[in-house]
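Chains here go by letter, A, B, C and D, matching the order in which they are written, and residues are numbered from 1 within each.
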Amino acid sequence: MGILVDNNSRVIVQGMTGREGASHSRAMKEFGTQVVAGVTPGKGGTDFEGWPVYNSVAEAKAAHDANVSIIFVPPAGAADAVLEAAHAGMPLIVLITEGVPTVDMMKAVQEVKTLDALNRAEGGQGIRLIGGNCPGLVTNGQAKVGIMPNKIYTNPGRIGLISRSGTLTYEAAKLLNDAGMGTSTTVGIGGDPVIGTTFADVLPLFEADPDTDAIVVIGEIGGADEEAAAEYIAQHMKKPVVAFISGRSAPKGKRMGHAGAIIMGDVGTPESKLAAFAAANVPVADTMPEIIDMVKAALNK
Amino acid sequence: MGILVDNNSRVIVQGMTGREGASHSRAMKEFGTQVVAGVTPGKGGTDFEGWPVYNSVAEAKAAHDANVSIIFVPPAGAADAVLEAAHAGMPLIVLITEGVPTVDMMKAVQEVKTLDALNRAEGGQGIRLIGGNCPGLVTNGQAKVGIMPNKIYTNPGRIGLISRSGTLTYEAAKLLNDAGMGTSTTVGIGGDPVIGTTFADVLPLFEADPDTDAIVVIGEIGGADEEAAAEYIAQHMKKPVVAFISGRSAPKGKRMGHAGAIIMGDVGTPESKLAAFAAANVPVADTMPEIIDMVKAALNK
Amino acid sequence: MKLHEYQGKEILRQFGVNVQDGKVARTPDEVRAIAREYGQPVVVKAQVHVGGRGKAGGVKFSPTEDKAFENGEKILGMDIKGLTVNKVLVTKAVDIDAGVEYYVGMIVDRNVQSYTLMASAEGGMEIEEVAAATPEKIIKHRVDPVTGLRPYEAREVAIKAGFKGNLNKIADMMVKMSEAALKRDAVLVEINPLFVGPDGIPLALDTKFEIDDNAMYRHADLADWRELEAEHPLEIEASKYGFAYVKLDDGNVGVLGNGAGIVMTSLDVVNRAGAKPANFLDIGGGAKAEIVYNAVKLVSKDTDVKAIFINIFGGITRADEVAKGVIQALNDGILTKPVRMRIAGTAEDEAKALLAEVGSPLIQMYPTMFEAADEAAKDANAAEGK
Amino acid sequence: MKLHEYQGKEILRQFGVNVQDGKVARTPDEVRAIAREYGQPVVVKAQVHVGGRGKAGGVKFSPTEDKAFENGEKILGMDIKGLTVNKVLVTKAVDIDAGVEYYVGMIVDRNVQSYTLMASAEGGMEIEEVAAATPEKIIKHRVDPVTGLRPYEAREVAIKAGFKGNLNKIADMMVKMSEAALKRDAVLVEINPLFVGPDGIPLALDTKFEIDDNAMYRHADLADWRELEAEHPLEIEASKYGFAYVKLDDGNVGVLGNGAGIVMTSLDVVNRAGAKPANFLDIGGGAKAEIVYNAVKLVSKDTDVKAIFINIFGGITRADEVAKGVIQALNDGILTKPVRMRIAGTAEDEAKALLAEVGSPLIQMYPTMFEAADEAAKDANAAEGK
């Protein structure tokens, strides 16, 4: 089962006919994901490698009963693509695009949250945005809606994984895979300052997922998402959680690649995050391989 | 009883210390309205003719348990004053100001409606905007939150009055008053193209009001509010309604004083309004004095 | 404030809309110079604030410089519906037959309390004509006034309207038009025709743009676009006094009152009385003698006016103030036409006493608006020999 | 992109903020000319992209023209934290003691997924210092990114912060700052001090303004404000290659990898190994030989770097491509420092074969990032005699 995506996910790709969109559409299909259609405004009515292409999300969704959209649209149009999907009532929207202006994301995230609330108030399942600047998500052995290398997901398992970083997601997933534990669902939430879904939003889903026994949280410097996650864990989680924080030796005031990875004043320091996890009794691995040991220890308790 | 305002209305005046605000605060007090405080940013903490003045609506509302705000703020700040009152949770906001830019009103009305929906969803009584460019409202013998002349409301009665025009409101109220019928509540909804409350919004309140026996609707050319009202009446109203439409001889494409009073193409013509009222079996008076006869006739049925 | 085509295009250009090249000329020589600069066929278009300039001969295709000069001579100075053409826009001609003409526009729509975007593949004709003949060909869409039109919405509307061409660029033009409308407080904006050439790229060939007068205070940079010479002289004078004044065609009774509603109704009452209102004049609230004096002076200047109907419902207004203003106008020799008044206000007796003192048949008060209007109509029609 | 004070002020001015008069000078003579033009005491302020310029002597009150010239001479050419002062801003001096200094600012706040407005009556000092000493004196307020800050909200915040003076004008300045932030994609904007004089009118005396690099494409008019000379030369070169590169102080190991997270972790691993990272370099996804070559070339130019640690997790990346890039750098004589690599990717064996063929001790592959980092640290420390 896992969370958010599975065998029943019917995925459309916004920006399918672009370079990234095309190659990852193929890779998702290879993984076994039900990729049902593409959306490229102006190319509606054409065929792309066997997939029908539509001018709008609304058309594609209606024609294929799609329930997930993944977005590879360039930065200038990415927030609009999110809003298009959200207004079309797409329950899950995954924004891969890196480099979206922060103001665009502020506006889009706020609007998606409003639409989500309205949709839920009307009895819908809600509207969720994952990302941007994220690798997407994958439920091992079922469906990948993202850009992770397929080959690190050969061993389905029972560990949930949430990460702000793309490459560290792969690193962790591979470690878990190679250790024979494997992952249930991996969620890359993204490295931008303003994102659709945070650690604290994903944790309750794993807590409720019968196929997940423990959760690994890969955080980094900047912001206070890890602190919020720690607070949520302390108050609500019964399943064990293991954390990792990257950028612990980064200096203040310098942006470490991710627009969100910056220590500003006293906000976003590794000390604050370590203290928060300690207070929540969440072990924090010093190196990534330690994650494996800690997960094993937690599961054997 | 009447609708919207009564003995229990506790009114604050946004822009009390301006010329219009001051004179109408006095006139409302003379009428018997509970005017409890004024709001003039920058003059907080001062006293104005015995009324305490606050810097913000939130402060004034909290200090005086106010439930109505009337706004005399100049056009450039009027929409912001509406939003301030709405975000402070004021249940009834009356915007008198004339000349507010239409775009400002579009934004404000949309936001007030969202806040209203949220407030109701949380079990509140909602947030309602009347106006702008309106004379306000008055429940005869109880409270006036507006700028109508006090002396035309000497005979409390059982006729509800709704009007897009200020002076025609007075004209009709005086006719009803002098005819010995008198009014229950008078609501001036305003002559601007975008207003907070329309005929169709007020009609159900009168339908539910035990102190109102019949309703007079004073419409004019422009827009389709009268058509919407006629449709509502046909479907939902049991009490008799009498209508009047001004500007029936105005040419197309010319704006008749009110920004909203313009026939554009086939929208807003008197013919359309007359046809709609006819279809709803609402008699339309040719002259204002005829209104009296028609109301009498309707009540004697 | 209505803008000329060239002004509307200038605003759209500021917001990044791809607008057909063009320059304004005030003399035939200037027309020729622009045609020479462009070095291709041009269109010479009269810039006047009335519709139907094309049918009136105010728009002419000019394949050569000489022809452009000649058309400039014809159009400049031309009278279109009472307005003299002082300026023409000289634009590069486009081969319309090589592409398609669409319509996009936005209007303030009371029914949705926001802008309504309209789009139609039937471009190049008045949208009212399309609405009358084939309403199903107009796609309408409410625009959120806070966010403005978004690209995805524009694309959806363009698809529904059946637009062909570069979908993203056409949608982008609609988005930019929406930005222009919201930022420049448009009451109305149209791009018509929106021409899509064989390359699929949209080009704005003509535009209508009208700005909300209530919002002009935040468009100080456009203040000198107001062309007083293009308005009715009495409307200019009225705006100086702060009156809401509209000159009406074929009228003989001047109408003034306090409040838009009461003046609208006064027009209706004059009509019922068998005459025709010559104007709409709202003097606003609180009418003091001087304001009434100015209003009477203004209406008296209109040679169409044969009698004046004054209709005042005074909460605060005093009847004697109104009477004083009218008497002053009489004394100053400004008032030469009969004034028939209804003033429901305080101090009616004082007003009557003042009028009795003057004793002029030109000024009379009546207890109801109907009697006053009937008298005014009778006087006006009599003066015209009806 | 960080803006200079004078640039930030220019933007605020465009949005109607009342900004202290000032002009930029590049020579002491220009400083004198501006002081003469103003005819009053001025302040000469170094324009450099580092904090603490005041303490470094980069801001000087100049009561006379001569003094202004003299201060211009002192400050122009001055070195502040490694950056040379090429420009000064000469502003009219303000009698600070006659008024009060406040702080207002907006930052992108991940926690509220929007901007947070901050206001404090403790102006004139760094907000971090206020936050550390008296956090209760900072009023915070989430700004809706769609509507922006509204006047009533600004007034409420100003009241809570205890601001004195003309409440409406102070709120208006905050609203305009919010407009500037949203329209110009600010990551950070501060007006500090926001000076309120005895007349109650607010005046922006200093500002910080930083623009979201992701949004620079829509601020083409500001593109030439990017001052390459004010950035680290390696950062300029990195931006040409499209690398995310940050020069780090006091380091000896060059670090490069594919992805922000893996590079951040690589820095940590180098630290744990007892050395210091000299840079952050993310080469992005898909690393072909040429990209690796450029990255190695860039890092090699840094004289602080004594060894290079390459950490690649390749989904798509091929180890042999990485090896080829490094070998090419070696062959071209660019690479003179030891490279310790960990490449988790396909074609690891091919990579090993290529390296064996070259047989240089400068290039070694290790199975884990820890071993690679340990070796790099050992090499770097040894080179420094540690």
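Throughout what follows, contacts are C-beta pairs under 8 Å (C-beta built on N, C-alpha and C of every residue); 3 or more make two chains touch, one makes a residue touch a chain.
Each chain and its UniProt protein: A, B = Succinate--CoA ligase [ADP-forming] subunit alpha; C, D = Succinate--CoA ligase [ADP-forming] subunit beta.
As the structure is a computational prediction, the values presented were derived from the model and not from experiment.
Each step here moves to a touching chain, and the least such steps from chain A to chain B number 2. By number of C-beta pairs in contact, A-D leads over the other of A-D and B-D. Among the remaining chains, the Cα-based centre furthest from that of chain B is the centre of D. Mean C-alpha position of chain B lies 28 Å from that of chain C.
With each centre defined as the average position of its C-alpha atoms, the distance from chain A to chain C rounds to 55 Å.
In chain B, the residues that touch at least two other chains are 107, 111. In chain C, the residues that reach two or more other chains under the touch definition are 146-147.
Taken as a contact graph, the chains fit none of the simple arrangements: neither line, ring, star nor complete graph. Looking at which chains touch one another, you get A-C, A-D, B-C, B-D, C-D.
Partner chain C is touched in their complex by these residues of chain B: 75-76, 99-104, 106-107, 109-111, 148-149, 151-152, 163-171, 174, 191, 193-195, 218, 220-225, 228, 246-251, 254-261, 264-266, 286-289. Put simply, chain D touches chain C in their complex at residues 146-147.
Listing the residues of chain A that touch chain C in their complex gives 41-42, 44, 55-58, 77, 80-81, 83-84, 87, 107, 111.
The part of chain D that touches chain A in the complex is made up of residues 107-108, 110-111, 113-115, 127-128, 131-132, 144-146, 182, 185, 187, 212-215, 217-218, 244, 246, 248-249, 257-265, 267-272, 277, 280, 282, 313-316, 344, 368, 370. Residues 147, 150-152, 155-156, 159, 166-168, 171 of chain D are the ones touching chain B in the complex.
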